[in-house]
Every structure is written in structure tokens, then in C-alpha cells.
Amino acid sequence: MPTKNKLKIFNDPIYGFITIPNSLIFDIIQHKYFQRLRRISQMGLSYLVYPGAHHTRFHHALGCMHLMQKAVNVLRFKGVEISDEEENGLLIAILLHDIGHGPFSHAMEHSIVNDVSHEEISLRFMEELNKEFNGSLTLAISIFKGEYPRRFMCELISSQLDMDRADYLKRDSFYTGVAEGNINSERLITMLNVVDDQLLIEEKGILSVEKFLIARRFMYWQVYMHKTGVVAEQLLMGILRRAKELVLQDVKLNCSQALYYFLHSEINEQTFNAKTLTIFSKLDDFDIVAAMKDWANHEDFVLSNLCQMILNRDLLKIKVKNKPMKISDLNSHSQALMNKYNISQHEADYFVFTGELTNQAYQNTSQKINVLFKSGKIKDIVKASDQLNLKALSKPITKYYMCYPKKKM
Amino acid sequence: MPTKNKLKIFNDPIYGFITIPNSLIFDIIQHKYFQRLRRISQMGLSYLVYPGAHHTRFHHALGCMHLMQKAVNVLRFKGVEISDEEENGLLIAILLHDIGHGPFSHAMEHSIVNDVSHEEISLRFMEELNKEFNGSLTLAISIFKGEYPRRFMCELISSQLDMDRADYLKRDSFYTGVAEGNINSERLITMLNVVDDQLLIEEKGILSVEKFLIARRFMYWQVYMHKTGVVAEQLLMGILRRAKELVLQDVKLNCSQALYYFLHSEINEQTFNAKTLTIFSKLDDFDIVAAMKDWANHEDFVLSNLCQMILNRDLLKIKVKNKPMKISDLNSHSQALMNKYNISQHEADYFVFTGELTNQAYQNTSQKINVLFKSGKIKDIVKASDQLNLKALSKPITKYYMCYPKKKM
Amino acid sequence: MPTKNKLKIFNDPIYGFITIPNSLIFDIIQHKYFQRLRRISQMGLSYLVYPGAHHTRFHHALGCMHLMQKAVNVLRFKGVEISDEEENGLLIAILLHDIGHGPFSHAMEHSIVNDVSHEEISLRFMEELNKEFNGSLTLAISIFKGEYPRRFMCELISSQLDMDRADYLKRDSFYTGVAEGNINSERLITMLNVVDDQLLIEEKGILSVEKFLIARRFMYWQVYMHKTGVVAEQLLMGILRRAKELVLQDVKLNCSQALYYFLHSEINEQTFNAKTLTIFSKLDDFDIVAAMKDWANHEDFVLSNLCQMILNRDLLKIKVKNKPMKISDLNSHSQALMNKYNISQHEADYFVFTGELTNQAYQNTSQKINVLFKSGKIKDIVKASDQLNLKALSKPITKYYMCYPKKKM
Amino acid sequence: MPTKNKLKIFNDPIYGFITIPNSLIFDIIQHKYFQRLRRISQMGLSYLVYPGAHHTRFHHALGCMHLMQKAVNVLRFKGVEISDEEENGLLIAILLHDIGHGPFSHAMEHSIVNDVSHEEISLRFMEELNKEFNGSLTLAISIFKGEYPRRFMCELISSQLDMDRADYLKRDSFYTGVAEGNINSERLITMLNVVDDQLLIEEKGILSVEKFLIARRFMYWQVYMHKTGVVAEQLLMGILRRAKELVLQDVKLNCSQALYYFLHSEINEQTFNAKTLTIFSKLDDFDIVAAMKDWANHEDFVLSNLCQMILNRDLLKIKVKNKPMKISDLNSHSQALMNKYNISQHEADYFVFTGELTNQAYQNTSQKINVLFKSGKIKDIVKASDQLNLKALSKPITKYYMCYPKKKM
């Protein structure tokens, strides 16, 4: 076990202080792979809607680790045995669970690194760090991969009650100023328990879990899927797709070396090797935005217009409905644009398009939340809660949107 | 209109500063009838569960007035005409809407002032103050009584979207430290609008209203109907009923003159006259608790034991279930107590009893919440919300409880 | 050591949750001596100025214990050895350090329990509880009395850096809404260290200590010595003195048995025996306020007027200056009152009087705050801080006030 | 006057909601010159010390405008006449007061745009916008330049009590999590008054002003001049100076067009023309950081090393003292580096250097803070405050630092 020699702390507007428990973890935080997260925004382009939303994946990762420390204390207090090594594994696993995120992750994954999930890349980073730190991350990796036999530890990293959600909802709510999304992470953690290596919520925590699911749903529609944010993200995806398209046609595009690499390569799980990881580790928000700033003056009509829209926050219009949009509306917008600027249907499609938004507040199939009753009984929360029709929260909601240019374009 | 001459402010941990808009309102606040609210706790005995819950009806009333100022500003901004006189009427009506509350209101109303609601008593106080202030409260009274023709003004005072709820949920959540109940009053107010003199919520506020209803439900079960709080309140009701019983048997009981009056009189709407109001205005938490402290040494077994239980927070046990309790369980507890202390069934009933708790998060019959869509359409929120099954919130929930003595009694 | 069996928590709006570490401490909290603190306001009559200031000594005591848990963790982290028994002693000592406070402590101590400090009474309570709990409080008592050889433990209970101040400044600031008094208790605690059994602040904490001293000074003048609060407290002292005076003249006064005892006895350290303690344990805010409410109708001009003034918040006027008041001004107010109501000089003195307010932000003589430099050197903070002239904070400030009736009296 | 047609609001974690008062102001905010502030961090590289400090100049500008709205309300309430046009001028002036800031302003001003202050550039932007908006900003410009005859309006924009400080201290404190710097902006604003067109603080606000000055001093040393932040900023200055140096030697450096322009031109007040402004408007944090990321691989030893240090947060060491550093220490570090890497003295100076930090909490010469006493007298706060030796705060404090490489370099 690493020695506890110095009290290292980070200031956090939410929790006050975040304490770094030992020097191994401190060294991981100091590593350039982790420092890079300082340059990756947690919420992508949401700051165009919520101007306070500039917090980073770096800060979120520290926050998760802080909550994990609390969870370990609560569970030990209740008699759940967790060794020092396991504690360390849990802390490292949660600290690094998101290290594989690239800049504007969602847009990236749907445009230039199609086939490799951020979880997979996180794992690659962890394995790389494990080499550098002489195997000290082995247990953490086992927990992260869900292979560690004590299942509740894996659930603390990834489940509907994991420390990831417990921090990000609170943090995103805090920085956006959307108070409705604020959850009482501490109360939730206080209500955790473990039976047969399974993570459970105690009976008296039922209302808090409901509240948590509702808050998540609220944040989903009010923040993550805010219609202006959706437009911005679609525009960014368009930019990256268009850039790739132009590159394939040998059109010259200025950008950083790391971004150049990803625009020019077809990356998938097989081709994603050590070199890819090294280059990926150099990619952050600054590569993307700096490229956008350059491309805003590019001669390509599509590329330059998309970039200007984001930079000047002069976005497309968007309509959101509960039913699919009419194709005829889409076509008339599209046709008007093609006529006005003499562009092709394919080019017009970057400015006129439809899409769907889906959310399911409670995943009732894969990872249920189980409730531990005083009597010892264990029930799925949907059945445990007699008050709110949680089934309603289990029903996926789908909305349909259409984007099209403002009149003045 | 009263002159605005001096900037009087109250500190409020929640809103920062509460500004008193004019000297008439300042004089009303200075009146002893209003000052008395400083000695009436907003949440009764809930501090036995939530030690921070010592805020008063005085502070809540100021908070409501503050929110009403915001609501008036928002509505005027949206083009709803509100004259200075109407504004003043709204502010006074909300300031005084709860002035008729006695100490531990719920327990009182179910024991010694059976038949007169606090709304009725609020009205009496307002009429009395109207005399003293030469008719300046006439418009406020009209709004409070729901008689003022501009219906939305009455709805700002009393409806599912009134400023009363907007403050008390936020305030109770703040002082108890139950963050889950915190609502974003300011956002709700920002979403208000008026069509055809009806108070509405704008379309983009639907999620906020849902969140507000959920928060209210949460507070209801987690705080207002917390099982320990329920026991305490039932014990207090028992104390007051027992005291009245003893008084009818001419047993001597020390207490304040005001409390003496109410223990010795049968008050109802007809007999509640000017004198009653004067005496009622002298009744506050201190009369009740001081009496309890004296009666804790009374020779009557029932009275002294009930008082000690509350004072030392050594309460009855309580079981809460979703189905009615079995009579047999009740009887066995009851019988044990009668045998042990040689008391009658009637006396034992003060320590062994059952009851029901009911809550309906959304009142879908009487006072609907209507949503104003961008298209101009207006719909009941239950129909407007396609996401959460708000019908679930409209279903009244009933729980059943049984109280009985701890083993050591 | 007591067993840790159940996670008992209290909600706290400030710290979130306060965890009760073991069943001995839980049982102490459950004891009626401690429960009584629920009925003693931390800030006396300050709520007449700051309507949110209704928090109790009960809540403050829990808060202190919470911070002590943090301090123990920080010091252990830095290598200071603290055994489980010592930790328990520290927690109990801080939990009970204020248990000897009566209602409206300051006013009481200057009127009816002249010669016995609340520290002395706290000690009596602790000794009594030590008997009931079979000696489990012995170490706590030793720390509380400053006799325990490891001096820093005593300093955590009572010094310029103790956990008492660390909680009450934060708590009073929170409930009054006076944000300027909010201190960063957690940062201060994080900067604590121990050398040679002496409690020190680390070099990088110098600014935080300065900030803390300034905040304390701010709270002193803005809150604790707020001129309206000073009047109210002086009036309350007058009430108690007048009551005692009347009792000596055999005038009948209604009040609770506990208050009756103290009005009729001369209590000092010698006569304060076990019986006195028992009766003292029954005295709380409700005895005082209930008496005031009764006495507001007493025939004695002085007593009834003083009581009405507080109850209706219709107080004396007050002038505060940096120089002593002129006797001539005092006399003219006094004479006017005597003439108008035909009362004696002695009676008029209850309504017309002068006084002094003194505060010294940093006590540079008795209990210095020492700073530990990275070099290992230790210096008094006044010498360590080169930035702010902390000497200025060491200089006692005295202000002078005069109270006199409003014109309409 | 612009019409008030739609309630536009921004979410702010600090103030809740920020309301945009009219469509002219809304259009200014929408302008790309203003939108650009979304990409300029308020606190530069401070996020390397305080990971939450990612808020932008965009958000700060909105916050200032919000506080100005409050100030206008308070002053009008007190009878100070402010016309609607003047209000609009005040709001626009404060909204745009910082629009001339470039990225990492302090570092820029000391390296590549030496001679033009950000105030001057703000003015250029305002004049440009005034043209686009047909003269609607004329009054705002007059206030901003300090030429408007009603002096207090200029003081609301720039003085020791201006709305700029009132927001940035609060905001920086909030996002860094350094609670000690939190000021009660609302109380300060409530205490403002105007006599003879001069902005004053009322007597009862003296303590709040002291608190504000102390908080500013605290933030200065704890945050703005935090030693790690100082190192980072010096490194950034070094990068920009080195880049300029290399460019003069015709060494090729990749960077954005806007940055290229400033690296290749000598800009001063005379040469700063309309074209310069246009290019300046395209410069933001992304140009600088993206350049750093490219240059981290440059063959120049100095440039690449400086860039890597910031990107990987692997900075120089720093010592801070109250006395100037010894030249001999400096030289030995310098010599060691020159030997090890075979670099020149000039190159070594980028890694080994000294500097000074100076702060004066209260500027007692130029812009005093005047206090308005109830008697009508007006005094400088230094003389008005009898409690704290504010002279101590007027004394400039100077500290000396030395930076040098870590051993491993």
C-alpha cells in the first residue's frame, strides 16, 4: 500500500475539500494522461445554453473519488468488510472510469472515432498506466472491467447507483445553476448497503432514489437534451463529418497533428493500438475549437458556415415534437436552401435534418435498483415503491426534432 | 398609496434580503398581532426529527411577500397590468394569509379549537387590522377571500401554484436540511403567466411543475409525515384532549390565562367573537410548552406521562404499513398497559392507538394547474405532460400506523 | 469502547449529515439533560433582529462534535497519535462543553444566577452524567477541565482555535443570513497541526486565521452586539432583576416552579448543589418567555412595561457612540419619565440607562494562536503575519450606549 | 428606448437568474464580439490551482449587469433620480467594460500587446458597436469614459465600490471554492447612496466595506497571486516572449492567423486600427492553448519545455519571501541549467528568474471610499472606521519570488 505522507487537497465548490488519500493516487493525478482531462469540458457545448457549464472531466473525476471515499466509510460502518487494497482499487477505478473520453465525446463518437467506446479507451489508458506504475492498478482494472468477484464493488463503479451518476448530476446541476437537478448524494450514499455482495438501497432510501431518478430525468430534458444544445451538438457532428469528407477529397484543412491523424485514419477496436492511444491522449477541446476557428474562413460553404454558427452562437432553428416530423416540411426548407445558395442536396442536408431524442429514466431491465427492507426482504424498486408509479419512469420517452436555417441565412 | 420613504430590510438566509416596500406594510409587520408570529414555529414539533426546523411563521410570511414581489414584477414584464393598489393588496394578503395560525396548529385544531379553521381566524385578524388601519386592507381582504374579480390574484394567494407553497417548501427544505425538497421557486415564478385572468404556467415550465409536485410529495412523506413527527404530534393532541377532559372534571391544571380560556370554553365559528380573537392573539408556542413542562409533574398518569415523552423526546413506538393494522395487535398492547399500571381502557387509548396518513401530490379535481402552450392552447398539466404519468401523482396514497409504548414503559 | 452498531444521523443544513459515532454518545444525546438544549436558543433574543436566528444549543453541540471528528481525522492523517479512547473523550467533551448554559444565558448570569459560570455548571452536569454512565466520561471531563496532559486536546475544546468557535461562527452566520461571518471551518481544521502537544496552525493557514478573526469581529459588532439586540437583552435583564426585587418584597408573581426557585434563592458556587442542578435542568427559554407573557399584565409598571416591550418588539431607543454619554442627557430622559408616570428614580432607571460594549478580536495575552512554519519555527500569529496589522485586532474596542424610551411612551 | 418584449433569462449558479432587460442589450449580447467572451476565461491559468475556476468573462459581464440593475433599484428607492436612458447606459457600460480583454490578459499585456490597455480596447469595441447600433451606445460610452457629468454613474462602473469588483470577487470565490473571498454584494449595494453626484456608502455599511476589502486582500494572496498560479503565468509570458523572439529570427511557428498577426506586428495605441481590432476580436484562449500544444513539440528547447510544463502541469519550483532573493542563489540555479543542457544565459533566464508581487488592499490616494453618516457628514472610510486600523490595509505589501527548475529537469 502506498504511504500516507502528505495531506494533498483540492478545492471544490461543491464538497469543500477533496482529499487525496495517498501518493499513488496523487501520482496518477499528476500524470499527463490525467492532467489532459483539465482541457476536456464535462458538458461539451452546453455552455452555449448554460453559461456556467465550463467544468471539466478532471474535476468530475476527483468528485467521484471523493464520493467513493464516503461510500467506503458508510459501508464499513455497516459492517461490510473492505480491505485497504480494495478501497484503493475502488478509488482508482472511479478516478479513471472516464479517462477515455475525448473532446466533445458524443459528437466525436458519432463522426470520427466511430467504433471505439470511451469505456474501451479508458481501459487502454488504465492498462498503460498499470505498466508505468508497476501493476498497482491491477485490482482497479479488475473492478472496472466488472470481473472482480465482489460484485457490489463493480456496481459502485457502474450501475444506476454508481458514484459517477452521484457526482455528475450534482455537479452539472451546480454549474448550470439548474437547481432542480441537485441530488442529495450524501443521503443516497448513507442509505447504501450490501447483501450477498450486491449493492442495495435501504428501505428508508426509497423516496431518495425516486427523487434521484426524477432529477436525472429533469436534467436529461432540461439540460442534456436542451434543444439549443442539441442543435449545437448536431452542428459539431456535421463539422467533423464534413471535415472528414473533405479530407477524403484531398481538400486542405488546417488543424492540429492529433486531429489530423484522426481525420485521416479509420479507427476501430482492432486498429486502435498503442500509437493511436498516444495520439488520442493529445486530443482535447482545444484541437476541436481551434480547428473550427480556422475553418470558419474555409472556402467550403458547408464547413465555414457550420463553424461560424457555433462560434457566434448563431445556430439553426429547431422544432421539437412528440410525433415524427413531416417529410414535406423538411423538403421545403431543404429546397429553399439549395436554390438560394446553389448547393447540392447532400450539402443542404448539413443544415436541414431531423432526429430523435430518447430517454428512459429508470432502466428496468438491465441493472435494477434493489431495495433492502428491514424485514430482510429484497425487492426491485419498481415493486417496492407503492407511491409513485415508477413504471412511468421505466417507459422510454421519444421526441422528434427538425433543424433548419433561420430566415436570414 | 403609502409613501416609500425608507428602505427597511430583513435578513433572510434563503433570499438574502427581504425588502419592505412601504410604510403601511412596515406598520402591519410591527403590529403585535404580526409580531406574535415570531413565537409560533412553522413546523410544530418537527424539530424533534430535524433539529434545524425552528423557523417561524413570521419568517415564512415575510418570505411569501418577497416572492409575491417577484411574481408581480414578472407578470408586469409580460404585460399583465397590475396597479400599485393591487400590488399592495397582493402583498398584504399573502403577508397575512397565515396570521390565524395558533401554536402547533394541527394539534390545536384537532383538540381545543375544533371548529374554526385558521383561514377563518386569519380573516378575523385582517378585518380587525383593517379597522385599525382605516380601511387600507380592504382590497387585500377581497383578494384573500377570493372575491376580487381578477381571479389570478386570488390564485397567487391560494392555489397549487401560490406563493405560500413556493416559500414554505423551499424554507422547510432549507431549515430541515432535506435538500430533496428544495424547489426552484424563482424559476417557477418566471414561468407564470396570465390569460383571461387565470394563472397559468408556460409550456417550458412543465418539467419544473412536475419537479415541484414531486418535491412536495417528498417533503410530505419524509418530513411532514415523518413517523417520529407523527408520534409527537399525536402525543401533543393527546395532551390537549386529556387536559380538556381533566378540566371538565374540575381537576386543577396550571397554565397561562390564554390557554386556560381555550381549555374552559367551547369555541366554534359562532362563539368566536372579538374577545376570543384578543385572547387567541396571546396564544403561542410558549403557552403550550410551558404548560407541558408544568403538567409533566401532574398527578394524572396520562397527562404527566404524555408530557414527559415529548419533553425528553422519549416517544411511543410507531409502525407504519400500507394496510390497516390488526386490531388484535392493538388490543394486546393496550391490555398489557392496563394491567401494568392499573389504568382504564380509555386511559390506555392515549398510549395505544392507530391512525391514517393520506397524501395526494396533485389535486386533480379542485384546483388544476393549467399549462399555456406557445400555440395559445391551454391544458391541464396532467394532460400536458407526456412524460411522467402525473396521474400517479393524483392518486391519493394512504398509510396506516399504530403507536404503542416502548418496552421499558 | 462502545460498540459501533447502528448508523445514527442527524440532518444539518450546514454540514449535510452529522453522524453519531457510537452508542454511548447516542445515549448521552438521548438523555433529558441534553434534550433540554433543544429548548434553549443559541442566540437568545437576536431573532428580534435576525428573524432566522432560532437555532438551538442542541444543534450547535452536535455541530461541534461533527467538526471534532474532522479535526481528529486531519490530525491522525498528519501522524498525530490519538487513541480511540481519546477520540471519544474529545467528542464527549465538546458535545457537553455548553450543557451548563441556561436560557438567555447572558441575561441570566447578570441577574439571577450571578456567581456561577456556565462552564462550572457544564462540569456539574458532566459529573452527574459520569455517574449515570459508570465512569465513561472520566477522560472527557479531564480534557474539559484542562487537566489532561496532552494539552492540544484541551485546546481543541477551548482556545482561540477551538471547535466551539469553528461551529458557532459558521452556524450563527448561516441562520442569521449574515454571510460576512461565514468562516471556512473546514479549511481551518485542515491547517491544524500539533507540535509538542501544542495546537498550531500551519503557515499556509495564516490568511485563513486572519479571515476568521475578522469574521468574528464582524459578527461581534454586526450581530452579537447589534444595538437592537443589546436593548432587548438589557430589557430582559431588567425584567429578571425587577422580578427578583418584587419577590423580595413578597409581591406575587406567576411563573414556573423552576424559575420560582431561582427567583427566591441566592445561588452561588457553594450553594449550587445536586438539587439546584436538578432544578436548573428544568429551566429553559419557555420558563422565561412564558413568565414574561404573564407579567406583561402585572400591575407593576416597570415589570409589565418591560415585558410588553420585548413581546411586541416595541423596544427602547438606543444611541451608540465612541465616547461616554453625557450624564445630562441621561438625566433629562429620566426626569421626563418620572414626571410623566409618577415613578421613582429607581424605577425610571429600568428605562433610561447607559452601558459599554467591548470587544477584542484577538486575545494576545492569554491564549495566543501560534503558527508553525515550514522551517519548523513557531511564532505568535501577530508576529507571523506581515500583512495585516494584527495588532489592530488585539486592541480592545469600547463603545458606549444610552437607552431611553420612545416619545410615545 | 428599446421595447421590453420578451423575458430573456440566463441561468446563473450565483444569482439564480439574470434577466435581460431589453432587446438592444439582448442584441449586443448576441453580437460576435460579445459571444467571443465565452471563450475567454476570467481567471486565466488559475484553474491549475483551483480546478473549478473555468468561468468566463462572458458570465462575469452578465453578472455585473445584474448587480447594476440592483444598484439602480436601490438608488431610485432612496430618491436618486435615474432616467430610463441613464439606466440603459449604465447597464451597457458595465456589460462591456471588460470586452477589450484578450486571452490570458495579464500575460498578453506583458508580452505581445505591450502598450495598449484592455480599457482602451474595450472603448474601441464600444465605439465600433455604437456604429452598428446607430448611436445607441453613446451615453454608455460617455459613462465608461468618465465624462458623464453625473459622477456617481462613472463610479458605479469604475471605483473601489464598482459593480465589477462586486461581481468578480463573489464569482471567483464561488468557482474556486475559496469561501473566504465570498462577499455580500447585495448588502454592499443596499448600503449605497448618492450625495452631490458622489457614490457613498452609508454609515451602517462600514463593517461591510471593511469585510469587502479584507476579502479582496484574501483573494489576492490566496488566489490571484497563489504561488503556483504565479509560476504558470510567468511561464506563459515566457512562451509568448520566446515565440516573438523566434519569429523575429524567422523561425517557423505554427499558430492561428490571429495569433500570427500579433506575433509579427508591433502594436501600440497609434498602430491599433480598425483592422487590428477585427483581428483582435478573433483571438481567444483557444488560439493560445492550441499554439502551446503545437509548440510543445517544437525543436526550440526553451519553447517546447515551457509549453510542456503548463500542459502537463509540471511547473517550475517557486520560493516566496518577504525580502528580495539573493543573486547568488539565482546564479547557481542558472549555471547548473546552462551546464546541463548547454544553453545560453539568455535561454536559462526563461527557467530561472525572480520577481515581485505587490498588493494594496485599499487605495487611499486615488479613489477613496467615502462614508455618509446619519448626521450628514462625509468621511473617508479610513477615518470613519475606528475599529480596524484600515491604514494597515492602505500599506502596499510586497513579496519577492524566485522560480527555478525541479531537480529532475
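Lettered A, B, C and D in written order, each chain numbered from 1.
Operating definition for what follows: a residue touches a chain if its C-beta (ideal position, glycine included) is under 8 Å from a C-beta of that chain, and two chains touch if they have at least 3 such contacts.
Bear in mind the structure is a predicted one, so any value in this text is a computation, not a measurement.
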Query raised in the report: If you tally the C-beta contacts, which comes out ahead, A-C or A-D?
Result: A-D
Query raised in the report: With chain centres set to the mean of the C-alpha atoms, which chain is at the far end from subunit D?
Result: B
Report task. With chain centres taken as the means of their Cα atoms, state the distance from subunit C to subunit D in Å. Result -> 43
Query raised in the report: Per the centroid of Cα atoms for each chain, what is the distance between subunit A and subunit D, given in Å?
Result: 32
Query raised in the report: Which integer distance in Å separates the CA centroid of subunit A from that of subunit C?
Result: 49
Query - Where subunit A touches two or more other chains at once, by residue number - result: 16, 178, 187
Query raised in the report: Touching subunit A in the complex: which residues of subunit B?
Result: 178-180, 182-184, 187, 207-208, 210-211, 214-215, 217-218, 221-222, 322, 386-389, 391-393, 397
Query raised in the report: Residues of subunit B touching subunit D in their complex?
Result: 4, 7, 9, 16-17, 19, 74, 77-78, 184, 186-187, 190
Query raised in the report: Which residues of subunit A touch subunit D in the complex?
Result: 10-14, 16, 30, 32, 35, 38-39, 47-48, 50-52, 54-56, 58-59, 62, 174-178, 256-257, 282, 284, 286-287, 289-290, 293-294, 297, 311-314
